[in-house]
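Here the structure is laid out as structure tokens; the discussion comes afterwards.
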Amino acid sequence: METMEQILFKAQTLIEALPYIQKFNSKKVVVKYGGSAMLDTDLQKNVIKDVVLLKLVGMQPIIVHGGGKEITKWLGLLGHESKFIEGLRVTDEQTMEIAEMVLGKVNKNLVQMVEGLGMKAVGISGKDGSTLKVKRKTIHGQDIGFVGNIKEVNVDLINTLIDNDFIPVIAPIGLDNDYQSYNINADDAACAVATAIGAEKLVFLTDMEGVYANPEDETSLLSVLTLEKADMLIESGYVGGGMLPKLKNCVDAVRNGVNRVHILDGRIPHCLLLEFFTDRGIGTAIIDKNRAFEHESIQ
Amino acid sequence: METMEQILFKAQTLIEALPYIQKFNSKKVVVKYGGSAMLDTDLQKNVIKDVVLLKLVGMQPIIVHGGGKEITKWLGLLGHESKFIEGLRVTDEQTMEIAEMVLGKVNKNLVQMVEGLGMKAVGISGKDGSTLKVKRKTIHGQDIGFVGNIKEVNVDLINTLIDNDFIPVIAPIGLDNDYQSYNINADDAACAVATAIGAEKLVFLTDMEGVYANPEDETSLLSVLTLEKADMLIESGYVGGGMLPKLKNCVDAVRNGVNRVHILDGRIPHCLLLEFFTDRGIGTAIIDKNRAFEHESIQ
Amino acid sequence: METMEQILFKAQTLIEALPYIQKFNSKKVVVKYGGSAMLDTDLQKNVIKDVVLLKLVGMQPIIVHGGGKEITKWLGLLGHESKFIEGLRVTDEQTMEIAEMVLGKVNKNLVQMVEGLGMKAVGISGKDGSTLKVKRKTIHGQDIGFVGNIKEVNVDLINTLIDNDFIPVIAPIGLDNDYQSYNINADDAACAVATAIGAEKLVFLTDMEGVYANPEDETSLLSVLTLEKADMLIESGYVGGGMLPKLKNCVDAVRNGVNRVHILDGRIPHCLLLEFFTDRGIGTAIIDKNRAFEHESIQ
Amino acid sequence: METMEQILFKAQTLIEALPYIQKFNSKKVVVKYGGSAMLDTDLQKNVIKDVVLLKLVGMQPIIVHGGGKEITKWLGLLGHESKFIEGLRVTDEQTMEIAEMVLGKVNKNLVQMVEGLGMKAVGISGKDGSTLKVKRKTIHGQDIGFVGNIKEVNVDLINTLIDNDFIPVIAPIGLDNDYQSYNINADDAACAVATAIGAEKLVFLTDMEGVYANPEDETSLLSVLTLEKADMLIESGYVGGGMLPKLKNCVDAVRNGVNRVHILDGRIPHCLLLEFFTDRGIGTAIIDKNRAFEHESIQ
Amino acid sequence: METMEQILFKAQTLIEALPYIQKFNSKKVVVKYGGSAMLDTDLQKNVIKDVVLLKLVGMQPIIVHGGGKEITKWLGLLGHESKFIEGLRVTDEQTMEIAEMVLGKVNKNLVQMVEGLGMKAVGISGKDGSTLKVKRKTIHGQDIGFVGNIKEVNVDLINTLIDNDFIPVIAPIGLDNDYQSYNINADDAACAVATAIGAEKLVFLTDMEGVYANPEDETSLLSVLTLEKADMLIESGYVGGGMLPKLKNCVDAVRNGVNRVHILDGRIPHCLLLEFFTDRGIGTAIIDKNRAFEHESIQ
Amino acid sequence: METMEQILFKAQTLIEALPYIQKFNSKKVVVKYGGSAMLDTDLQKNVIKDVVLLKLVGMQPIIVHGGGKEITKWLGLLGHESKFIEGLRVTDEQTMEIAEMVLGKVNKNLVQMVEGLGMKAVGISGKDGSTLKVKRKTIHGQDIGFVGNIKEVNVDLINTLIDNDFIPVIAPIGLDNDYQSYNINADDAACAVATAIGAEKLVFLTDMEGVYANPEDETSLLSVLTLEKADMLIESGYVGGGMLPKLKNCVDAVRNGVNRVHILDGRIPHCLLLEFFTDRGIGTAIIDKNRAFEHESIQ
């Protein structure tokens, strides 16, 4: 039995949430899902449940996933060694074939979880409908095999699925102009997709609380980061590790029209709901100062 | 700053509320608003704010209001005495003229409050679009003047307003077949409108907590009342005062297709939100046992 | 039994009328209805019948009404004195409350008459749908209370009603930016509405035959008045009384896109039909010389 | 300059006409045009002008024409004799070829007149779109050549033209199942077309005032003729000459769903307008007693 | 029984044809049909069958026909002599009347053939829907009667017919501004119609194999003729006879937006199919060099 | 350079093909693709090219594929043995995981080939959109692991893809009511999909010429097989090997509404085109005698 205090707190939570629910109605949101957040079964269930609830109240979520650790595991089972240069997997023909098989498995597994919650999902790779067109990537002039930079996103298939109430689940594989398969970095894929479909939000579910003004200082977590401030952080050299390319991606996405990019701590249960439907939000939001303020006015 | 416990309580409240928000999307709900709940300025603001929030998340609220106390006041100012027979105002031509003027004032005042919160409202009486057609009422064969029983509801105007995103605010006045004006009981009007437009819900905002199994026993509040049980209560003679005709109206509305009728305590702040978007609900819900259970399954 | 001469005259009348009926099909026409033309019951019936016939043959009439004499009467009954400065009612809070009640009564009474003829009408004030937004008016810097100048017309509600075959009947009350009620001059309201909805015609039903070149000379009635000629008349000082602001309104309306503004003698039975559907017309038409001629060519 | 009496008579004419104009809006009316009414140039202009005005106020007129006298003339010029059996032209191959040429000329001539009045017309025969499918006719077992009974009306082409605001002008020629050309009686064609397209009205423009109860008695003109009464007249043997088959056609058309069939005196100027838009009507109307009364209620 | 070689040849023919069928889907093509190709019954059947097949696979054919030899014949039968100046028929009033009758006959005859193959056709002249508006033509200042130059094509009727799946068959007759009938050269009419409706192709079925670089040299048949080359040929004086004005028409049509104009040998069975659906084509195609190449790329 | 004989043969081929192209326009056709026809690279290219051409001329092809030999190969690479009972793979959890990965690879490989020819394809399994819902299969009461019988086909996703011009490529995997993955026989999947979407045709590309009346007699190939005859063959015991279950599937599909089921020899180049667009057809067609004849009439 709830106390009157709890009842009033519920009413306040609803009054706080309802305008956001209205505001985000039929807005597109890309959720990049990967890393260790994919390995914990309970967290995985929470994330998929949140995505289903977003869909339930009228948003249009799109999932872009990775799967590096699974790929490494299966390559090992088949007797192949995994090699990386600057964080990118060196991808020969056999590696590509196996990587595509493994990402396909991860992809359909996520579909299966969404379907199990009564919502419709469709698992695609960037090859379907030539959704992701790429160009071979090199690192300092060095070839690393079938690793691609995205050159073009054909949004027809994604929009068709969204318009018909399917949640697209996208594996980061693409085709070059000769219709050869390529591996793509999942963060890059999420960013390109969000930009191309005009997403309201792009969310990275990570293993960190967000972006720190000073990584050494736990109290320096930034809840809002303007483009100017983000540029400064990038140049400062303070930001490092996996966060640097991610932050660059965030800045690009906002510059290209995504309204807000969020770096959330995927370890907090239901972090997506808390970020979207409460005033305070959690994690770090990267915004364009001018645009963001005018959009927030109805709150 | 919120505690983690509060944050998790918020997440739970959202997970609890989201399916209801989805479930009630674009559903019509008639809110009967009158009595003393109209006299307290703060309560009035809360009620109108809740109605606006219902609209904001996609429901289609319709307000039906009364105004008996205001009518009595203005009749007095103009030197007319108010007479009642069995709770119904004896209405001669002059009384009718003044009653219509006063209800018009109350009506546009509610419109003004909704508009002030940024939502669109339109104040109509049952004369507009011949929405409410009536027949002269008698009590035990005795004429009591221009008091009408509703014979027909023309839903075109109400639906036109709803379809174009206006909140209809309805004063309980109607026309007979000779296009003469008549006064109508506001509870009757709310009930007839809810039935005619196929409302999902009809809500009576009252000065009581709900319906009691035993009016003498404060702990006997009924949170759910099936039609069978309601019939028994009505026959038992236990239910009395203003509650008896209201309960009969509720039973009629459910029998005629309204999914749920709620008797809520208008004195609880945001009682509409708490009833609609939490599992527990508040006040008393009158339901058809069979129908209700199948509809509730996604909760 | 009709003579052959009468039959041929009928045929000629039809041949004369049919092209106008076609020409005005689905065109919007604003009828300003007020003054003494509202007091004679028979004239009132004739006017409403004409409006209903205009609707019947496919035009889209909108009624804007006044009610000054009724307001004065009820203020008197409630012990309030009516004060005017330069023809505008000084409007304190109580006067505003009573004026709104009385205009509401007049409004619904017109609705009732239209409904009685089998056509659908909806009575609104400028508060519904925030249709008329105003700013407080002053006269030579002197405040006269809740009297407003129209700053903005939101046409959504009017167009919604028209598109769904309801005849809008509009009372001249508006809201300022703080959502406070204001009294508006009915001629101003008619003019603003006609301009905002792009009316083909705006008609003032008055107690005069039309505009005279020389008010002293009964034979100088002008059947057509170009903007240039109207400007000259206004400057000349010849036009006086209630006609001067009305004429200024007419000129504004034509300048802002209304095709023709008519000043008709509301005392001639069925003056609206005769003006609209016969070659000769009656009363005075204010036109833009260039525009008018090209539009008349199919006659 | 019109007198006030004339002005009021005009107003009355309009009040009388407007409900009919509304009532017949977008209704289809088939006008059978032939015989001597086609030979007088002034009458011809009046008829075409009326048809254009019907179209102008929203009706959907279709013209079905004959051309017997022209065919006889051109057959003569080319050295062919005209032979008739029971009023039907004996039609060998050469006669058919010439009849088709002549009817084509008459057809396009009517189109030309409509176009000259600024309305769009399209001249077709029953061969276009296989609109009229026929079976070879015999008279008492005797073959009379290419003369056909209508077996089927394909309404697609007629409806396509109407829906796109063209007035169809139809020559009475058809195709049999072997796609051979056939001559058709124009009254039959008008009747079949009116029935097939669900016309509101079918009008025969004739050289007579209408149907007489007693052909000998000039005062016995029938303004309304019920199906029962028409059956009696047909059986009585009183009706003779060209009127008998015409009357049978009228009765069939009403029995098959045409609301009213009119036999009008094509020699009265603007008889179509007078019949359609005045209370009194002219000529004889053949009606189904039951149906007709319910349809007339708004008059 | 087919050999395997024949089967493979069939497969190749289909692989060759399918992209053209797709490419021309719902494209408009004007077929000018006249001259001696109209006199051979078997050729006539082949041409009409091809047109019906074009329609069957989704193209939108329009036939424009002539009929000079038939007109001359009937003028003779009626005792009128045919006079020509520079290939144009001197057309007095009687000649015009007879020419219109004869073209009407030819027109409905083609309709009849199309209908006989189960497709829907409608025969119109330029008078229907005022499709062809003309101005009186003179030759070196000399009047030659009712012979018109096309000044305007109203495409509404043609497009209405096409959109409703009828094949328009057009006789070359038009109206001037006084709605007088005029004779038009059929090649001119085909060219004007093709340009006005934005045809993909305009085809002239002639008695020649195509255009020769050197008319004396049978081996100099040109399969493609660019605008530049065509201009040179016209200026060279090499091209003569009926081909010169035809070639000028072709050049105009291409310059005005028709994608390809074809001069085909109507004596080759099924020349339309072979031209449209095989890589090689037959006859001469007049093209705009730049435009043509980009359009052909999917072949 | 083609001979005139070849040109005429081309014309005949086109005249033969065009009615089929029209007849099959926007018809759905399911192509079951598997077995050894998938192993020859050239044949694979021909099949995919044919499918793309079918799409190009307006048909709506759907590919359902198998992949048994590839699964066996990868199971071997990962050290798993393949076991079969009555031709069905015994499928434990690991086998299922690997089978799904391999079918995913085959699936996206076919997508890639279609995309390479400029058409859009989307590779799905029966898990996407819960397209294929299954129940665990047993053989004579013996469990064989994750092998499913199709219980329900949700056609929403397939229809969404088709309606948006994507070619669906379907891997035979499904979900049971607990959302567990299952392996499905590809022939069964093709048959269930064809029935559920109301396909005009279902085509099995096999390694045989078709069905023989007597398998021992090469000259007994049946080009048409009625349901009655097929039932007799099945009961006779003559048909054996892989053909028996395939033939049963064919019969079921025709009984459930598929118009024609074809068993084609996938080794004949362009067998799909030759079957669809020539009178003779190739392979064996299974038809419902009554239905088939009425549908074939326009040929």
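Residue numbering begins at 1 within each chain, and the chains themselves are lettered A, B, C, D, E and F in the order written.
Simple rule for what comes next: contacts are C-beta pairs under 8 Å (C-beta built on N, C-alpha and C of every residue); 3 or more make two chains touch, one makes a residue touch a chain.
All values derive from a computational prediction rather than experimental measurement.
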item	value
Steps needed, at minimum, to go from chain B to chain E via contacts	3
Contact-graph separation of chain B and chain F, given in steps at minimum	2
Chains contacting each of chain D and chain F, listed by label	E
Proportion of interface numbers common to chain C and chain D (over half same, under half different)	same
Between chain C and chain F, centroid-to-centroid distance (C-alpha), Å	73
Between chain D and chain B, distance of the C-alpha-averaged centres to the nearest whole Å	60
Centre distance in Å when chain E and chain F are each reduced to the mean of their C-alpha atoms	46
Junction residues of chain D, two or more chains touched	none
Category of the chain touch graph - line, ring, star, complete, other	ring
Touching residues (chain side chain A, partner chain F) in the complex	77-78, 97, 100-102, 104-105, 107-108, 111-113, 115-116, 120-125, 127-130, 156-157, 160-161, 164, 166, 173, 175, 179, 181
Chain A to chain B touching residues, read off their complex	2, 6-11, 13-15, 17-19, 21-22, 25, 49, 53, 56-58, 269-270, 273-274, 277-278, 280, 282
